[in-house]
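Shared chain: chain A. Partners: chain B in the first complex, chain C in the second.
What follows is the complex of A and B.
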């Protein structure tokens, strides 16, 4: 198993390199540059030339890419930001990623806590009111966009009822332990409530639908019939034999889902004014802030690769037929 | 299973740590308890203003700030040589007590105050660093902005200072920029040409005094609160990037004593960074911030008086306009351009679509600038309502129809236009409204709207971009750098020295002579007396928006805000927070 993981990690290096290369080329292929304009104004040619020189943008593409890779490999340096002129991409990511990851982890946990039982009971009580209710809620959760849900929750639970703060995140990057663990204060939880519910409902809906469909399929398998025919109770059959196997599709989406959600979700961060990574990801493209585009794509790619390795490991644990050695 | 999953999630977090060279945990400095004059410390809570900055300031470095958020903080923390009067926009003294101009109009000699210390925040309190602000600090700041290595976006405004352009383009040395600290209290600046608006440029953030020793010691990180030293009414005490920023009163600033009733009573300014206006408005309703913008969905309620005196619409120094690429055959005839401009119902656009009290525009230069002939009925009277002294829309449409027929497009027949704007909901709404207005006035006209992402859009408008890729009509806006017509009609549209996106040419077969006259007008205005300037700018605007009709001025911007009754404030574009006051008792009671 360990050699498998090491092999996979080594293999991911060329993949990551390719991702960086392609992103670099795509970003450069976009018309317009980072220093063409200020706000609504275009900048005089001489100014653009002076600024581009400072950031080596006057050099050939090959040289630019070479310099980027050199700094990245030797120093782990993701370069300066073009739109936040006194900051580096390393600073920006180390400040925003932990916040995004906190929202992401809490939302996935909430999604699992609500979604999995809903899906499982829906499947076990198929075509009863339990099933209809859980399906209805799942469809609702999937179809109400966060852009609608978030302001609604703010209006209801903050402005009208005053239960939770309307916006912002309960801790900032300076207060985190080891740079990423938040202190579990009441302030933290009260600020987390609305954004996590917003994001968690969609995730729980996904989980509910997947686990329901998968469990329905699993309980029709031969080995379940065998288990039942040898006299096992319903509970034992489901818990020991069906559930574990039926979770494979859920785990499959967990990898990409985590990568996407830990690196920031633009809408929720935007509406709640949370200083996470999602905002940078989106605005950097508009700003042609190449180092942020590359840096955030790289972080996303690393999460995706790791997520997929984690999924493969969990496959082996869940399905005894899968072995990597 | 849950346990294992959590441990795997923790693995992810460890990767986070490895990836992002983690920041060591630091204790956030607590809310500062400042006293107004350093003598009698007040035990109660400091007088606090809570605002929404809207976004993370991209840079608090005076040489690098380009956006209103950054500049609003820089304005409170660094003093200018001059300061603009919030009402008249005229330059008055700030760091410079007074100044004189040489007979040839080229050399400015500023006499500086000697009682302004550099301060910093230590343990939540503003302390003096032992250094005083000198003429050398201003000279250093100006040269630093011109220096190509600083890579300042706004350096071009200082090209008026002799030697700055050469230093910025690398053709000359920074040492040759014509700014000279004669002694600690005397600064000499020499210009390339005489220009009355230089006093206003001298108020801009890009030529503030800057602390050389601190900048050299900390490099890019010099603007962090633990490093920065400043000299303005407030000092930066905390900056949580992307989340919030705090400034506290600098008790060593002379103005608190000297300026009497002009200054306010605020001791702490807390600024959060919420981009979404609806969210900021929710914070306002929860009394968490003292002032906020108003989201579009609340505008009807606000206009109906729901928020009473809290709701204010104030003019803002920006103009929204459509321009013509005059070399495109469809719009090469000035009669077509004028007819299209006449057929825009600006008042209806403001009242029914924009809903923010925007003011119909008959000039490019916004009325808040010196030299603006805005509202003068000699210029494009058809753009103004009868109440404004213009012809009103009904008469304008009749003139437009006649002109269009004269130009060979009766009812718009045979005319097919592309109208381009960058992607944005509000630009799209305006474009659709104007498309409908044109189609109503000229039933046979064909107008196609194109939208492009901002970077792509600007690229397509570039001078070097192929003509066939350009639209006939484009959307842009302009906001002041300094409040003078030169920053508008000359810098943006002068055909030989400005950006000139309409591609006006003195060789134009129809309006070439007018373009030449326009060109001469705005150049002559740079060195003319104040009265002559007014006449020249009026002539230039008339030529540009009426006779040549190179653009369609649409509206002058406004800012819309709600402010809690316990705040006394100014509504100008620049904030002047040091002049605001908060009735802390009333604020506490409401919370």
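What follows is the complex of A and C.
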């Protein structure tokens, strides 16, 4: 197991390096330097040169890349934010990332709680109305984009019914335990409800479709016939043999799903005005704040790659056959 | 023939069915699937609306009218013009902008599919038909690229493109020419192609699998035996067989392309205003959801129905062409 984890991590290094390189080169490809102007005013030549020297921008490209990699690997330093004074990209991310993570984790939990039972019952009651209904709702859930569902839920439950607040997040990043875990106040849940439902709908639809397909396939396996023929009850066969095996492929969808959750948090945070990383990112895009955009893009990319590795490791842990590939 | 086949009843002579091609079979199977047919009709209607947008839409999609901002549906202007689905924050007709927006969503559906099909099929054919070593190497590359977060890559490329477009002077050379074309197309060209460029991995795997399946079939062997060259065998014997499944698989990817476009436009990295895309219409109006909900819900409904239609059609096509997968995912 440990050798698998190490192998998997080593394999990801070229991907990560490629991402850093592409991000770096694109940052350099942007027209104009970051200090050509401050606000609407051009900086005097001498000051611009001094600042560029401070940030090593006067050195050759290869040296700059080397320094960037060094800071990134040794200090985990994503560099200074050129536009927010006295703040580093790290500061900005440590304030916004925990909120996005809360939304993401709660959405996956909601998706699993609703999606897995729906898919499993659909497969067990195949071609009955339960199956058709859950399949139909799943296609519907997959087809309603986050950027449609978010305004719809706000309109229904905030504007019309007034049950939930339409915007902001219930807790400040300073109130988080360990800088990550939110206090479970009523305020937190009422603010979390609509964003999490928005993002959780698509996830539960994905889970439902996949778990249904996977369970249908597992039921046909020889070992299920064996279990039945040695006289196990239907419940024991399903719960102990079929379900456990059919849930293994479902875990793999978490990898591709991560990218969807990420883009989903962009939309949800923007529409609900939640001060997470996605909202911050869109604001930066609209302000044409390129250093921030590239810094956070790098974080998103690293997050996706590492997330994928974690899913792979989880998969290998659940299904020992994988490790020997 | 299709009409005759449709009216077949179980009691009718079974020999009637003889001589029908697999394609005819699949088409008949598809036509039986009412939801898929509904999706198909919706898509065809939308295509017609998009092509004839100039004729169909009651008003132009751009041009501000500050006397008629945020007007609710069924508003009639002083000069008698009717705004069936209301106007937006700049006084533009929401219905017309939604109709023109179909061009963007359908455009990305077709351009990205086309790019992904071409690259994926060529890559898959070369990989599957070649030696085991080459196949292994090429599939390793695909495996490697699967771990690459492409949505991030598109975001980065669009950031750079937008940064250059924002400058007045576009430089010469091929890069400047592409940027110019992108600007002239309302900021869609590079995005469309980029979405296609990142989506061929799955297609390459499908094509390779299909090619491997046909590579050792008797008719391919026979074609080798009579002295055909590899290129001709691929073109004449393999490709016609795998094209159907590949197109069906590609249809399943279309909702993803449409959603990616609307996402990019939503976050401000897609079409350039005033080009109407459903994503940008939603993001521009979501702030006034309380006072002018129609500005959000008209494009939102169009987007949802279109994605739903493509999902239904894609599922129906897959069921019709690949009976093994029927109703299993």
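The working rule: the second predicted complex is superposed on the first by the 219 of 325 C-alpha atoms of A that agree within 3 Å, B and C clash if a C-alpha of one lies under 4 Å from a C-alpha of the other, contacts with A are read in each partner's own complex, and residues count from 1 in each chain.
Throughout what follows, a residue touches a chain if its C-beta (ideal position, glycine included) is under 8 Å from a C-beta of that chain, and two chains touch if they have at least 3 such contacts.
None of these values were measured; they are calculated from a predicted model.
*Asks:* Counting residues of chain A in contact, which comes out ahead: chain B or chain C?
*Replies:* Larger number of chain A residues touched: B.
*Asks:* What is the contact status of A:212 with respect to chain B (first) and chain C (second): first, second, both, or neither?
*Replies:* The answer is second: A:212 touches chain C but not chain B.
*Asks:* Is A:66 contacted by the first partner chain B, the second partner chain C, both or neither?
*Replies:* neither
*Asks:* Output check: A:262 vs chain B and chain C. Expected answer is one of first, second, both, neither. What do you get?
*Replies:* The answer is both, since A:262 touches chain B and chain C.
*Asks:* Looking at the overlay, what does A:140 touch: chain B (first), chain C (second), both, or neither?
*Replies:* Second partner only, chain C.
*Asks:* Considering only touches as defined above, state whether A:50 meets chain B (first), chain C (second), both or neither.
*Replies:* first
*Asks:* Check the residue A:18 against both partner chains and state whether it touches chain B (first), chain C (second), both, or neither.
*Replies:* second
*Asks:* Quick check for you: in the superposed arrangement, does A:155 touch first (chain B), second (chain C), both or neither?
*Replies:* In the superposition, A:155 contacts both chain B and chain C.
*Asks:* Examine A:30 and indicate which partner it touches, taking first as chain B and second as chain C; both and neither are also allowed.
*Replies:* A:30 sits against chain B and chain C alike.
*Asks:* Look at A:297 in the shared chain and tell me whether it touches chain B only, chain C only, both, or neither; answer first, second, both or neither.
*Replies:* Only chain C; A:297 stays clear of chain B.
*Asks:* Report, in rising order, the residues of chain A that make contact with chain B in one complex and with chain C in the other.
*Replies:* 30-31, 151, 154-155, 159, 262, 270-271, 286, 288
*Asks:* Please give the residue numbers of chain A that touch chain B in the complex, ascending.
*Replies:* 30-33, 35-44, 46-47, 49-51, 53-55, 76, 80, 83-88, 90-98, 101, 105, 151, 154-155, 158-159, 162, 165-169, 172-181, 258, 262, 270-273, 275, 279, 286, 288, 299, 302-303, 306-307, 310, 314, 317
*Asks:* Quick one: in the complex, what on chain B touches chain A?
*Replies:* 4, 8-9, 11-13, 15-17, 19-28, 56, 58-61, 64, 66-67, 148-149, 151-156, 165, 168-170, 220-223, 240-244, 272-276, 278-280, 282-283, 285-286, 288, 453-456, 458-462, 476-479, 499, 501
*Asks:* Quick check on the complex: what are the chain A residues that touch chain C?
*Replies:* Contacts found on chain A: 12, 14-15, 18-19, 22-23, 26, 29-31, 127, 139-140, 142-145, 147-148, 150-152, 154-155, 159, 209-210, 212-213, 216-217, 259, 262-263, 266-267, 270-271, 281-282, 285-286, 288, 290, 293-294, 297, 300-301, 304-305, 308.
*Asks:* Quick check: in the complex, which residue numbers of chain C touch chain A?
*Replies:* Chain C residues touching chain A: 144, 147-149, 151-153, 155-157, 159-160, 162-164, 166-167, 255, 259, 262-263, 266-269, 279, 282-283, 286, 289-290, 293, 296-297, 300-301, 303-304, 307-308, 311-312, 315, 327-329.
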